[in-house]
Amino acid sequence: MTLRQAQDEPDDLVRAVEATLFAAEAPMTAEAISTHLGGADVREALAGLAAHYTGRGVQLVERGKRWHFQTAPDLAHLLRREREDVRRLSRAATEVLAIVAYHEPVSRAEVEAIRGVQTAKGTLDVLLEAGWVRVAGRREVPGRPVIYATTPEFLAHFGLASRKDLPGIDELRAAGLLDPVEDALEAALAEVGAANETEVGADSGAPLASEEESA
Amino acid sequence: MTLRQAQDEPDDLVRAVEATLFAAEAPMTAEAISTHLGGADVREALAGLAAHYTGRGVQLVERGKRWHFQTAPDLAHLLRREREDVRRLSRAATEVLAIVAYHEPVSRAEVEAIRGVQTAKGTLDVLLEAGWVRVAGRREVPGRPVIYATTPEFLAHFGLASRKDLPGIDELRAAGLLDPVEDALEAALAEVGAANETEVGADSGAPLASEEESA
Amino acid sequence: MTEVDSAPALFGEADDWDGIASAATDDTALYLELDGWEGPLDLLLDLARRQKVDLRKISILELVDQYIGYIERAEAMRLELAADYLVMAAWLAYLKSSLLLPREEQEDPSAEELALRLQLRLQRLGAMREAAARLLARDRLGRDVFVRGAPEGLRIDRKNLWQCDWFALVQAYGQVKARTVPVVHMVRDRMVMTLESALARVSAMLGVKLDWMEIQDFLPPHADSRLRRSALASSFVAALELARLGKAELAQEVVFGPLMLRQVRT
């Protein structure tokens, strides 16, 4: 015990950050913690705390630049409550959420272009109300459509440190699957036009005519 | 790190108890925790956790046989932060303050009689909060109304050695301050006064109309 | 269907996709699900996945046949189909016939281009549906991981620092005083000659003088102008009153000429 304390006893700043985040009712940015503690630089303390809690039943995590403590994911089966706080999302809402997250900022028309159906207004409202999607301004094109993006609450809910953590986003981007159909079409046609013999990349969305070549 | 882990890595039961108490909305007895975790004996885990958190910013404490996490008592001051908002006294409050200063001790009814308008309760509260007015007892008349007087802080804030330093009625008249003023002009003067407030000395802030006289 | 239950069935890996396919043996079961599709593209995507190949390698011709086949059988079973399903069926029929035409007879855009576009759209929708499933399968806050149940909370106590200065204080008092001083209208004494005094003065002077006198001569000779005007008015009224009582007579030879006055002899 005394040995451990000597090694591991946290200093005052670490203790203060730990207490602040334990007491906080919502995730806090490093800046907010610093302001709350009178301007101290808390980054090192945060890193130290995150390391300390690694492997414990409680973890310190960063989600969209905000920090909070949460229970360890592997203990989920012990902690699930009868009354689930999690919203049940319709399939439409789930798809819209994924499209917003992977494409943000994105207009409703762009969401509809990907889904091939009109999106009921209520679907976006559910996501706005959940606090996972926000209005991120307007696109400066004719009609100035409203564009949507995800929120820090979205990242916190799905356990993402940032949008870079979205599952498979790098692969999707590399495969061009986050580009508009028009761009992909143009690229694919150009490729086919340039040389049918050239080996078609796996990411090109090869047209039917060149199925064999790309295979 | 690996050394610490080897020494200090909590076992699964300890982690489960830690997470359970962290997520609990109310303190839990050892029995309740045990039931929640399928009947395991949690006493050792609780003792181990309490020892682990000793000296940290968060503590595991037992109160009346119920266990809960709380922030360390010595850090309580960190959970509260004071913010000072500089606010300008409203005109109504300024009038009430002036009446209290000139007529103290004075009841609210008397203040209203002098002002000629009803005085919202909040107005006196603001002056009490500012520390410039205090309750000075009750007047021994039917109804025993509370009477108000100014405080030493009032004198200090306004740079007065005593209430006798307040200009008398004759001086106010000489300064033109007792002349009936058109509402619009009055408002304009109040505004000018507000704009100049910081620089205005005791003798220089006469209204525009009577500058010559007061100079 | 909850997102949890549906995730493995609807959003499984392309290779082991079997959620809807298993129902395909029973046509009725499939058609009854038509309401459940999020439009024709959604149905097409599920049909495409049943080819059990990479979405980049699906056979559009086969897909078209499957789609049109289902739509036809649904119509045969008199299931109401939304218009957009029928529009898609018609478009796919056109696409199929174009794809079967020799390349040189095709219009612009070519059928291959249209097919490619459809394929790209299916890929994108498929990618997003998989992404949604993977998102929902993550450790979610409030379901799998939990924040502190009873946080103490961080309090920010706001304290007002009230500001007021000496001048504002004194001025406010002055204004209260000025506003609440009782308003009394005082009319200052003016030098006037009342009707009574004019009557007395005119009758007395008429008794002394026997000849015609101009009314101006009845006025106090050294009075200031305001008193003279008051005296003139009062004296004129007094003259009229004396005339009415038969004690005086009035004469004026021209309009606005001098007004003459004398005692009536009795």
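All chains are identified by letter, namely A, B and C, in their written order; residue positions are counted from 1 within each chain.
Please note the rule applied: a contact is a pair of C-beta atoms (placed from the backbone, for glycine too) under 8 Å apart; a residue touches a chain by one contact, two chains touch by 3 or more.
The model shown is predicted, which means the values in this text are computed figures rather than measured ones.
Chain contact topology: the protein chains form a complete graph, every chain touching every other one. Core chain by CA centroid proximity to the global CA centroid: C.
Our note on geometry: chain A versus chain B, Cα centroid distance of 40 Å, whole angstroms.
In whole angstrom, the spacing between the mean C-alpha positions of chain A and chain C is 36. Counting partner chains per residue, chain A shows two or more touched chains at residues 20, 22-23, 36, 69, 71-72, 79. Residues of chain C in contact with at least two other chains: 146-148, 152-154.
On the chain A side of its complex with chain B, the touching residues are 1, 3-5, 7-10, 14-20, 22-23, 36-37, 51, 55-58, 69, 71-72, 75, 78-79.
Residues of chain B touching chain C in their complex: 19, 22-26, 68-71, 79-89, 91, 93-95, 97-99, 101-102, 114-116, 126, 129-130, 132, 157-160, 166-167, 169, 172, 175, 177-181, 186, 189-190, 193-194, 197-198, 200, 202, 205, 207. Interface of chain C with chain A (complex): residues 1-3, 6, 10, 38-42, 56-57, 59-60, 84, 99, 112-113, 115-117, 119-121, 123-125, 127-132, 134-136, 138-148, 151-154.
Residues 146-150, 152-181 of chain C touch chain B in their complex.
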